[in-house]
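To start, the structure itself, in structure tokens.
Labels for the chains are A, B, C and D, by order of writing; each one numbers its residues from 1.
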Amino acid sequence: MSMQQQHDQLATLAARFREVRQRTEALCEPLNPEDCVIQSMPDVSPTRWHLAHTTWFFETFLLKPYVKDWKSPPLYEHLFNSYYQSIGQPFTRSRRGLLSRPTVGEIHAYRRQVDRAMMRLLADDAVDEHPDLARLVEIGLHHEQQHQELILTDIKHVFSCNPIFPAYQEVVTQVSLPDRRCEAFFAFEEGLREIGKAASEDFAYDNEYPRHRVFLEGFSLQSRLVTNGEYLEFVEDGGYERPELWLSLGWQTVQEQQWQAPLYWMRSDVGWREFTLSGLRALCEEEPVCHVSYFEADAFARWAGARLPTEQEWEVAAEGVPIEGNFVEREVFHPIPCESADTDSTHAPRQLFGDVWEWTASPYCPYPGYAQPEGAIGEYNGKFMCNQYVLRGGSCVSSRSHLRDTYRNFFPPDARWQFSGIRLAYEISPPAR
Amino acid sequence: MSMQQQHDQLATLAARFREVRQRTEALCEPLNPEDCVIQSMPDVSPTRWHLAHTTWFFETFLLKPYVKDWKSPPLYEHLFNSYYQSIGQPFTRSRRGLLSRPTVGEIHAYRRQVDRAMMRLLADDAVDEHPDLARLVEIGLHHEQQHQELILTDIKHVFSCNPIFPAYQEVVTQVSLPDRRCEAFFAFEEGLREIGKAASEDFAYDNEYPRHRVFLEGFSLQSRLVTNGEYLEFVEDGGYERPELWLSLGWQTVQEQQWQAPLYWMRSDVGWREFTLSGLRALCEEEPVCHVSYFEADAFARWAGARLPTEQEWEVAAEGVPIEGNFVEREVFHPIPCESADTDSTHAPRQLFGDVWEWTASPYCPYPGYAQPEGAIGEYNGKFMCNQYVLRGGSCVSSRSHLRDTYRNFFPPDARWQFSGIRLAYEISPPAR
Amino acid sequence: MSMQQQHDQLATLAARFREVRQRTEALCEPLNPEDCVIQSMPDVSPTRWHLAHTTWFFETFLLKPYVKDWKSPPLYEHLFNSYYQSIGQPFTRSRRGLLSRPTVGEIHAYRRQVDRAMMRLLADDAVDEHPDLARLVEIGLHHEQQHQELILTDIKHVFSCNPIFPAYQEVVTQVSLPDRRCEAFFAFEEGLREIGKAASEDFAYDNEYPRHRVFLEGFSLQSRLVTNGEYLEFVEDGGYERPELWLSLGWQTVQEQQWQAPLYWMRSDVGWREFTLSGLRALCEEEPVCHVSYFEADAFARWAGARLPTEQEWEVAAEGVPIEGNFVEREVFHPIPCESADTDSTHAPRQLFGDVWEWTASPYCPYPGYAQPEGAIGEYNGKFMCNQYVLRGGSCVSSRSHLRDTYRNFFPPDARWQFSGIRLAYEISPPAR
Amino acid sequence: MSMQQQHDQLATLAARFREVRQRTEALCEPLNPEDCVIQSMPDVSPTRWHLAHTTWFFETFLLKPYVKDWKSPPLYEHLFNSYYQSIGQPFTRSRRGLLSRPTVGEIHAYRRQVDRAMMRLLADDAVDEHPDLARLVEIGLHHEQQHQELILTDIKHVFSCNPIFPAYQEVVTQVSLPDRRCEAFFAFEEGLREIGKAASEDFAYDNEYPRHRVFLEGFSLQSRLVTNGEYLEFVEDGGYERPELWLSLGWQTVQEQQWQAPLYWMRSDVGWREFTLSGLRALCEEEPVCHVSYFEADAFARWAGARLPTEQEWEVAAEGVPIEGNFVEREVFHPIPCESADTDSTHAPRQLFGDVWEWTASPYCPYPGYAQPEGAIGEYNGKFMCNQYVLRGGSCVSSRSHLRDTYRNFFPPDARWQFSGIRLAYEISPPAR
């Protein structure tokens, strides 16, 4: 790369840096300082922590190594480290909600301080001394986009614990509903396929590499997401009371947690209601079901006589499909019904990207030949490859520019606070109904 | 009482109402909204909850019964009820820290709304229709004073969880230290005594009634509080490693909680430090030991060859002693050394009031003939008479006007986050040392 | 004491030793080896542990100090120590049920070995060298009698966990029922009284000393125990659903443990049944209620418009009353109805001794001037004086020779597996009904 | 199949039935009744439960459907059901150790009663009416063999909790040790392979079907099991203190459980010792490491610069290898060193079968096209396919006749009480050392 090209690349990166960082702050605008402190369960982090941790990431991986005499505010390294053991003992995750200081205002000042230093770094003539710089900024921006999604996901959980049911933002535009369900399935033939990220391309996480061959039997994939209406049939058919529909661990969880419906569904005198980022409202049957665990997705599929797709199947189906859909940029913050009922003329399943993360049947494992990066950055993905399942496709609170067809998200099978939903698969072809 | 007297009484009460309510808010001035949200353990309540709950108390026991068409903000009755089962299901105590709404600002608005209505009620000509009114306001004000103390006690715990160790308020005035310890003990003869609140006097809680006879053996009471220096000797003598010094439950707690010193003591390279409302600082050996549990107070007494006084003994010693000392009005927010070394010339033990609540050897029980009041107000004291111990005398975060020699505070034997300390007692006379 | 008197005393003691030790083994005869291993909850100990621990007690406090070169089987000192920290780290209490070795047979062999050595020691001419010997044997025998009671109490709990509901022993003799309830109350006048064990008398535990003065207000005591029938009225009146009847901790326990009736009561299609040491059978309304916690006793008393007696009141009422009643020697192993309905002609409350331990309103505390014995024997009582309540009078599984009017038993307020019941008290005189 | 063939098949099955059932009882001969009752952790079942549950299996799946008017002892169906929800609510697993009745003797009587009925059933002329019979007996016998293994695995855990460290059986024969380590690796080329059980063959569990194609990259497999000596190097290199070697969940488990070595290893003044079914003894460095969790196996592999094999890789390597090794029939009950050091001349990895179950890197998932059987038998495998890892090859406490190269065992990644060990794998070829 010529020096000019490098500088152009850095200028583009600097622009993107500004944009991503500002979006994080824009997402927090509807929130009060009080909102930003609360940790409603160990999996949830307070907004103020997300604001600081994403900043800490740039500070730790870029400013400390590349800016001479860089000084961090005392204890920030400890307080805002998430899980990077090689950087030092992080402050205990489950205690993040015990901290009020630094305040939200002080954290915004910290952000500005780091942003200024980052802009200087990206404008620096000496940047060619740091070949890793662009790659690390790229990782930092994708990391921040993940936390943008978590800010919304987590504040939804926080608000749901309050009997007042605050709204993050009232969404006024009414979404048009489909007049009928699209029922088609897409069939894929058996064969040796390739999945995973090919080398020397655009940004991807380490867990998407290497591209490799897999043998797949023939399968069919549902053309759209499972809806609330369909899931309601499962609930009303005693889905949560029939152990034979569940994995053993799933049934144990149903009993212990007393699950009776997806997270955020509430039964009331006037029918089912659902808590959303726009507050509590009547359940819309046409919308994709959301906030279900892997256990629920798996049980629903068994009840429906189907199964969940593997991540290999999903990726084969998604390859080459344009990344279009209901993302955070649309500012609905909730999944919407499958907009086109006219599935016969389409050439790919709908709603593959956006709306809800789709649970796959695949435990989160290293791909054959996977190599964990050296150093702290290597702690990003590999060490979590145990007792989690892969989800694909992104959700209504993901950024469009953050997603790819090879993107592997992962959560434990009992997690429900993510915007996670269901798409069914069958062997070869769907059974007659 | 004549109508004029009644109106005078109400005018006095109104002035006191204003003063107490304003003091609560003054105590919260050094706090940010973020600080006011946090619940660092189930026993601690967020500041915003204290601000709202004390207001709820006036609303529930005065405005709802006495003000026509009084309307409470939706759900406040549920959210800010503490434990009054007869008023409805309170919001779960351990989840108070999950709420950010109503915000601190909204709660201040709620306070103002209730205060205005209370002032109208106290100015109302029709007040003679409500014979209970003055008594209920009186309870409400004492209730609010208890919560003022808890606001400080709780925020100290909240701040102690933050490795930054924020200060609530820097106290600059240096307290003068005594040049020597006062060692004297006061001896009291055996006999039939009376303790408890006599009827038809000033305000007291139900648990202080009735005044009754008790037979006491002769005893001696330490003339001052046990100091940090003395407690440090116990620590350094292996006090926390010797099961024979402890109650069985106490020893179990020491093991499980890994106690090695009082709460807020920290061992550092440069010696012991103590977290205070003015931040972290070197341990002052002359100050009274503070933030010890009953278990620690009892073990220390056994180590010292003494015992804790019973609440009857304490009250007999305190009867008639002027209520002077280091209270919240002094704005030190921390116990201070016994100021007079000249104990020979005094006629009563020092430091009986203020500085630290003194653990007694007495389980919290009803007095003979105790009658629990009817209705929700009856839930104030009686139902807690189990597995708690009585503490006497008030602390450096209590209001002077809140205290009496008959006042019975109570906490479970493992509680340490209160400003609680130790005074020793002996049978008849102290042994030679 | 002359040498002859000493030898006579030892001969008597030896005979008593044989008798008490044999009774322990007789109590275990209906049990299989499998039964003797199980620990159904942390408070329960396996029968084999009781058999060994009582033996360990004689070995530790008598054979080791007094028999030259005494050798204990390896690890028995560790395995069968209960809680004597000064003797060494006891094997963890809650893990007693994980041990199968030494087997029950090996433990019986251990008992025989210790018994033979004890008999030699008691026959020894050199016994006058050990002035403590008789006192320690006496303690050991009372200790063993406590464990005899626990063997029955604990095996009842073990069997109750088995849906087969095994019977310890079928009791065939039908107990005659009273034709009417005895309703009288006994009134006692106020005054300065003395309670506690007087010095230089027969055996008593340290916690019964010293005899001391207490001032009591006038009170009345129920002439008999509360019956199942009366308690059933409380249950059917919603006793377990009304928080206003309960101490705060009690109500919390009711909710957490989902209590709906006394332990061992079971609701069935054909009415209430009760599990007993003779198996499952219909609830007998005339029998004293049994297996209630302090919380339930207290709530029942509140519901009945009464209260529980203090231990001082109980002892004043029991002083001089003959120790007669339904003890373990009767081999019914269950409380029986108050046999005489003719209460007018009696001069003391009935059922004070035997049937069920009676909860008092008194937290377990040291008496004024209480001195804990030196050494390991000092761990017997004093260290448990916290968060427990005193029970009085003994039960249907206590030995008559083990009981006294000054005897203080103690358990935490949520304990229900003991044979514990209720007697009511009132201020001065019972209210009209 | 001709009638004669059917009768011959049943006669063979009957002989096998007798043999397997007798072996179970032979394995219990060294145990006392007390031993057979204990459940040392929720995963462990008491011996008496294993004896009864295997019998219940034949009763439930064969005698109840096929024997007219078959009567089960009351409650046995409830007590001895493990997890078959479709048969009724099983007795709570974690409470199995609370039961002493039916006694071990009564359970042996139950076994004899069921055995007699089974023998009659297998001799019955009408057997051709029941086409499933042979298959169900076959499953029952394999099921019983699994529980034979668990009887030994579980009693080892039970005995390990006893500080006396009882021996199940003293093994006197000294195992000859290898004079040097066998270091070779076997390389396998990439390609499309087939794994899984082919249809219409001998017995296999449902989870081994269907046979299917997988694409494998080239890999190498260690020629023998990892030894105690090698694992000790990992321990002494700080393996248990270095988070970078562990999966995130694994590190969390290490911290919470305070793991410092494999289960049953104990550090003593005279070096490492290991608890075995022959009691406590010095650690033998040449023996395969045993009783490690998946987390430890994975961390060891990372430390060694290798990885664990996938189950597909393992099966490809094991296909066609004779099932020879150290099984339960050898009665050593402990893994033994790799006997031949002469690895150059062998054509397959050693110790694939027997000694220890080998952790694979494969989460336990359904094979493509897996179909869960109908009815209660369908609960055997499928519902456990979540958060478990596959182990292959059998152990020193497995029956040889129970194993196959397609056999899939599975346990959660933190399980250590199984006889589980490690074999390493590499991409393509092992790195230079």
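As a convention for this text, a residue touches a chain if its C-beta (ideal position, glycine included) is under 8 Å from a C-beta of that chain, and two chains touch if they have at least 3 such contacts.
This one's a predicted model, so the numbers in the text were calculated from it and none came from an experiment.
Chemist: Please report the minimal path length, in steps, between subunit B and subunit D on the chain touch graph.
Modeler: The distance in steps between these two chains is 2.
Chemist: Between subunit A and subunit D, tell me the centre distance in angstrom, where each centre is the average of that chain's C-alpha atoms.
Modeler: 38
Chemist: From the mean C-alpha coordinate of subunit C to that of subunit D, what's the distance rounded to whole Å?
Modeler: Whole-Å distance between the two chain centres: 48.
Chemist: Round to the nearest whole Å and give the separation of the Cα centres of subunit A and subunit C.
Modeler: 61
Chemist: Can you list the residues of subunit D that touch 2 or more other chains?
Modeler: none
Chemist: On the basis of the stated criterion, which chains touch which? Give every pair.
Modeler: Touching chain pairs, listed by label, are A-B, A-D, B-C, C-D.
Chemist: Under the stated contact criterion, what part of subunit D meets subunit A in this complex?
Modeler: By the definition above, subunit D touches subunit A via 83, 85-86, 192, 212-217, 243-244, 246-251, 295, 361-363, 365-366, 368-369, 379, 383-387, 413, 427.
Chemist: Given the complex with subunit D, which residues does subunit C contribute to the contact?
Modeler: 32-38, 40, 48, 74-75, 78-79, 91, 95, 97-104, 158, 161-164, 166
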